[in-house]
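After this come two complexes, each holding subunit A, first together with subunit B and then together with subunit C.
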Partner chain A sequence: MNPADRDPAARRRLFGFLAALAILWPLFRMAEVKPGALFDAANLKVIGHFLGAFLPPETGAEFLAYLARATLETLAIASAGMALAGLLAVPLAYLASAAGREKPALNPLTRSLLTVLRGIPELVWALLFVRVFGLGPAAGVLALGLTYGGMLAKVYAEILESADAAPARALRLNGASRPLAILYGLLPQVAKELVSYTVYRWECAIRASVVMGFVGAGGLGQLMDQAMKMLNGGEAASILLTFMLLVFAADGLSGWLRRALDRPPAKRASPFGWRSLGLLVALPGVVLASFYFLGIGFGELFSLEAARSIGEFVAGFLSPDLSAEWLGKVAKGSLETLAISLVGTLFAAIGGLLLALPPWRAPFSFLLNSLRSVPELVWATITALAVGLGPFAGALALALHTTGVLGRLYAEALANVPAAPGRALRLCGVPGSLAFLYGTLPGAAPQLIAYTLYRWEMNIRMAAILGFVGAGGLGQLLYFELSLFHHAQASTVIVAMLLLSIAVDQASAWLRQRMR
Partner chain B sequence: MSLALAGVGLTYANGFAALDGISLRADQGECIALIGPSGAGKTSLLSLLATAMAPSVGEVAVLAATPAGLGAAALKKLRRRIGTVYQAPPIPGRQRVVTAVLAGRLGQWPLWQGIASLFYPLDVPGARRVLARVDLADKLFARCDELSGGQLQRVGIARVLYQQADLILADEPVSALDPALALATVRLLVDEAKSRGATLVASLHAVDLALSCFSRIVGIKAGQIAFDRPAGEVSEAMLSELYASEGQELPMLATEPRFSPPAVATDVVTRTAC
Partner chain C sequence: MSISTPRRLALKGALACALASAVSFPAFAEDAVLRVSAIPDEAPTELQRKFAPLGKYLEAQTGIKVVFTPVSDYAAVVESLASKKIDLAWLGGFTFIQAKIRTNGTAIPIVQREEDARFTSRFITADASIKALSDLKGKTFAFGAPSSTSGSLMPRFFLLQAGLNPEKDFKNVAFSGAHDATVAFVAAGKADAGVLNASVWDKLVEQKKVDPDKVRVFATTPPYFDYNWTVRGDLDPVLIRKLTDAFLKLDPANPEHKEILALQRAAKFIPTKKENYDGIEKAAHAAGLLK
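On to the complex of A and B.
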């Protein structure tokens, strides 16, 4: 072969493939992937029995009253937490983002604050706040506010950076200040994305506040925890149905908002129609009502006594256990957590893509939404029944929930890809599958990869807490040590979680850069 | 017979009649230029020939087949033989030039070959050959989003050359190229069609380019055929009539008459331009 005809990228591709294989294989072993366990007779019997009890769902008046109250509480925790998160996120995103700056400057201080906020999973924050402020929704709201504030800020900053920078640059060159350049040059491009991400996060916040109940921060989670502990299938089914209802409602709301943003503005000076005005009134109303309903007194949170107990608590964490033996345990837990997150995300990417492809969407959207509406931690309680306690249960739980998330994002990304390349190929007789591979997929690939990697960043945090219900990894260590009040050991685990999530963020950013 | 349209009309869903009463026949190996003001229906006519759309009334036959009556498999077989050059090349930016060109034969390749070629391009020499003809051999392994608009347009042409279609359709194939390159590229398309006996139908914005390179000129105005003549018989009056709505000047390859290459300037055009 003519040496000039050799593909110069081939060697790199092969090397990348082999490297991925070399890294993934041991992690697969570590996650104890054993599909056989799914079909183990004893496991099948347990899960079958449990799922059998799902029918009929519990509909007793007393239980429904509890359920309604818990649902409201969950919604209120999510809304109040999101309000707090938004309050944090907007200024932080503005500071951290390179968007609208004339020289690409990153603000290292803000960025590292964001990393710490996001790096510690909300459930760990909640667990800590429960110790300081006692059982109740306040801990949940604060935990949500901090973690989601960090996440929203980071994603807002990146969405702003991903938009075409030319309009904002032109404005700045004409003397506009940075905030105005962002408002006029960038916001119109990304408003839809920002809104849909925020609504999506609110939806995640609902799921997260469900999970908060597992550590005693109120809401649906507490009910679910009780139902699962007593293997009460009927109640679990009612609660799961409620999750789904909530997520579908949030979905509808998100769609409505996005459509509203798509509509051309009214032909008069003020671009605000009845919809925008309604939202402007409704949003603060909902937030205020949430705080009122939860009865959080902010005076107590910022009292001298609270400050003292925070101080004492934090002091207990200042001297992490760094003995070789404990570090070894934590290192093993970290690797297991990493393995769970990678395997779970990988399975989900494959499953999500397969479910995103079929052109007739309705049944698949329903399936994806159902998978997504159940939080990972709840899935983990179920997969632990199906395949036994251990990391594989965690990986499966992550995969199930993440399939729902990624499948939906993939489907949207694929629908938004320019149709011309694929159509042009079909017009010269190319079969649909090849037209997809050559015409559609390359257009969507950067987004698919970015979504998957972002999701991996979230999953590493989630994998760290799946251990709370016995699905292996760092969470198991943390839960155990905290319940024994071993603050020094717990502190080591939290530091490990933080470092692990930072490492994964870096790896993911590097991969995204490479695969652009 | 390569293509035959009989009393074809095309009305869009919004009620706009893009084509009305078009009848056109061409033998295999003919080279036809479609000219006319923008919005006249050139692109609509090409999409009918590309089987992208079906006519509202009348009959379209392409390469001795009636696309309207074909099943999915037969339609696919027919489409393999039709290659289209688009004004904006429908190529994903992240695709490499070599892949974009090889995609021209995906209709002929079996599925496994198409998939394997994503991992290692299976016909690098073939892709290089056609790229060399549009002067882009050095961009073989570049990514399409690294190319200029004109280079990308030539990649689109290379893809159709690689496809070796029996009917080549071109919708403003050289709109992003400078005059000299535009002339060379249109000649390349015509030579390709002649050497393989393929039929070529190209819509062109530049009248002089159409007159100098094509033997048969079809003028289209307001969705109807205004004239259909050999290039030598197209008169200045016919052109002025065709472009009456576009002001005084006829659209030319080189806007400044002084620089219009003499090879391009046929009598009619030189006179109208001066």
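On to the complex of A and C.
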């Protein structure tokens, strides 16, 4: 080939490709990827039987009564958990944020507290709190409150930092205290963004509170867990339908709220419309009703008894088991978890891209939304039937849910790419597929890669807990050891989960930087 | 910049509401209520159905309101007993040992079913090639909950005695969480074989919830001590006496009692003592489930 025609980056790309293959191959082996299992006759029969039982969905009066109660409980857990998260996030964000400070002195103590809160998945918190507070939804509320408190605080702090610092600085220089400078100099700029993010998180909290039921924290998840364990297809179908309706409704409500925020105030007659008033009444009302419905007394949560049992519990965790034999087991589980997260994300990136491409969106967005609205843990119970128990079931479950998420984001990113380069290539007579590859895709690639890497960070946390339903990795170890009150061993597993999620965060940040 | 008065008022109102919500819920009052729970070795709805007539009977015998709370986690029952959130619990042999350890030996087992003194577990499969325990090598295997006596501990103990290490010799180990779920796993082919408590297996066969031609028993464990009703140690001794007597008075000749006993799958209840479960404790150490 004429040297001038050769791709100047060819050697580097080939090297990158080979390096990726060398790293990924053992992980594929570890995740036990066997696409053949999907078409195994015995497995097909099992899953066919189960899915066949989905029709008709269970509609017995007794079951529907359980279902209604569980749905209310799920909503209440999400709302009460968010209220707690808000209470936690505001002071933490104030402490952690560099906003309104003279020097950007980051607070390492608060920052690391936030990392711990976010790094341990909410399901693990729930599992711990179920042991401390025993029966029922209090554990779910606290778990949501802690993880989401950590997440909200971090994002609040960053949003405040991203605002134009000049007004706050001017206020500080004129003698205003830091809280006042933030309140009057920064908040007005970012209020919309803060509220919008909070509403989005509430929507996520509903999904999360469903999952929490899988460890006995009440709500729809608990019903789902039972139905799935008993392989009761009719009940599973009813619960799944209810759940999807709930997610779609929350999606709609949060979209409506965010659009309402987008309207410039000047267009409204009064800055304080019926909507704001309604919200001001409804919000405390909902939170109050949630706590009342769940029957959680705050007094009970903060009682001496509770403090004592938490103290005892934490003490049991302070001496992790560091014997060589146990560390070896945990290391193997960690690698398996890493493999599940990588393979799952990779499959999802491919599937998401394929589903994001067709120009005729309606059926594909519906498919993507459906994939997305079923939580990974529920997918895992189904994939475990389809390919047998083990890490491949976990990777597939992650892939299915993440395909829904990534497909939607990819489609949006592709729609926002400038059309000119692709059109120019097509006008020069280049076939459509090549025009897409060389004209459109490069424009969207950085964003696509960033989305994928972000998602990988979330998937490593999820992969760590998929083992609760028999999908391998660290989760199964944790579930087993906690059941047996082996706190020293469980503690090692939780530390490993934390380290793994921090490592993946770092790797993903590094990759994003390199690919920019 | 200033905040308009109505907005400021509204903000204050919201703050007041938030504060009120934080303080206005009183802790639960300590009424004369007997709080009962059970390890979820079967589906929680089934547990509630089984307990309803027994609960009424205990209420009549002790004169105290009885509240049953279903739980979906074995360890949560043990922890609730230890943290005094429940008074009376239906425990397995191993969960009793866990409760004994977590309450510093104060938890008291009061009665057990006659059957519990010679309890067994059944190994089941739907795979024609599995005829003995040694055929399990390289297969997927389903236990019940990790802390179940008849669905996890004792089968593991006897498997180890037969030279099989579940983590090393099986292809995959699953924990179904409950005995009836184990049967569902095996019947559906989700696991090649599984193990469960003999009493639940017999019930499922009687109720025709499992097809014995498809799923069959290929091995049974030697007998061991299992389930009991346990109270927390600092419960009023008079109440403990009343509860024990109430269980022991259940008489199969009385039609009303017969129904209660049938639901509990008991011929009758007999007294029990901590020492009965020493064997379980030894087995748990041997199988590595207790450290």
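Simple rule for what comes next: the second predicted complex is superposed on the first by the 394 of 516 C-alpha atoms of A that agree within 3 Å, B and C clash if a C-alpha of one lies under 4 Å from a C-alpha of the other, contacts with A are read in each partner's own complex, and residues count from 1 in each chain.
Methods note: a residue touches a chain if its C-beta (ideal position, glycine included) is under 8 Å from a C-beta of that chain, and two chains touch if they have at least 3 such contacts.
Fair warning: this is a prediction, and the values are worked out from it, not measured in the lab.
Contacts of A:Val46 after superposition: subunit C is touched, whereas subunit B is not reached.
When the two structures are aligned on the shared chain, A:Glu325 is found in touch with neither subunit B nor subunit C. With both structures placed on the common chain, the touch criterion links A:Leu484 to subunit C but leaves subunit B unconnected. Contacts of A:Gly443 after superposition on the shared chain: subunit B is touched, whereas subunit C is not.
Within the superposed three-chain model, A:Pro421 lies in touch with subunit B and out of touch with subunit C [touch as defined at top].
Of the two partner chains placed by superposition, only subunit B is touched by A:Val430; subunit C is not. Subunit A has more of its residues touched by C than by the other of subunit B and subunit C.
Comparing the two complexes, no residue of subunit A contacts subunit B in one case and subunit C in the other. Contacts from subunit C toward subunit A in the complex involve residues 1, 4, 6-7, 10, 13-14, 17-18, 21-23, 25-28, 37, 43-45, 69, 71-76, 78-80, 83, 85-86, 98, 101-102, 140, 145-147, 172, 174-178, 180-181, 184-185, 188-191, 289-291.
Of all residues in subunit B, only 50-52, 75-84, 86, 88, 90-96, 98-99, 103-104, 106-109, 111, 114-115, 118-121, 124-125, 128, 141, 163, 165 touch subunit A in the complex they form.
Residue ranges of subunit A in contact with subunit C, taken from their complex: 42-43, 45-46, 49-50, 66, 83, 130-132, 134-136, 184, 188, 215-216, 222, 225-226, 229-231, 271-272, 276-277, 280, 283-284, 287-288, 291-292, 296-300, 303, 305, 309, 384-385, 388-390, 470, 476, 479-480, 482-486.
On the side of subunit A, the complex with subunit B involves touching residues 2, 4-10, 13, 418, 420-421, 423-431, 433-435, 437-439, 442-443, 445-446.
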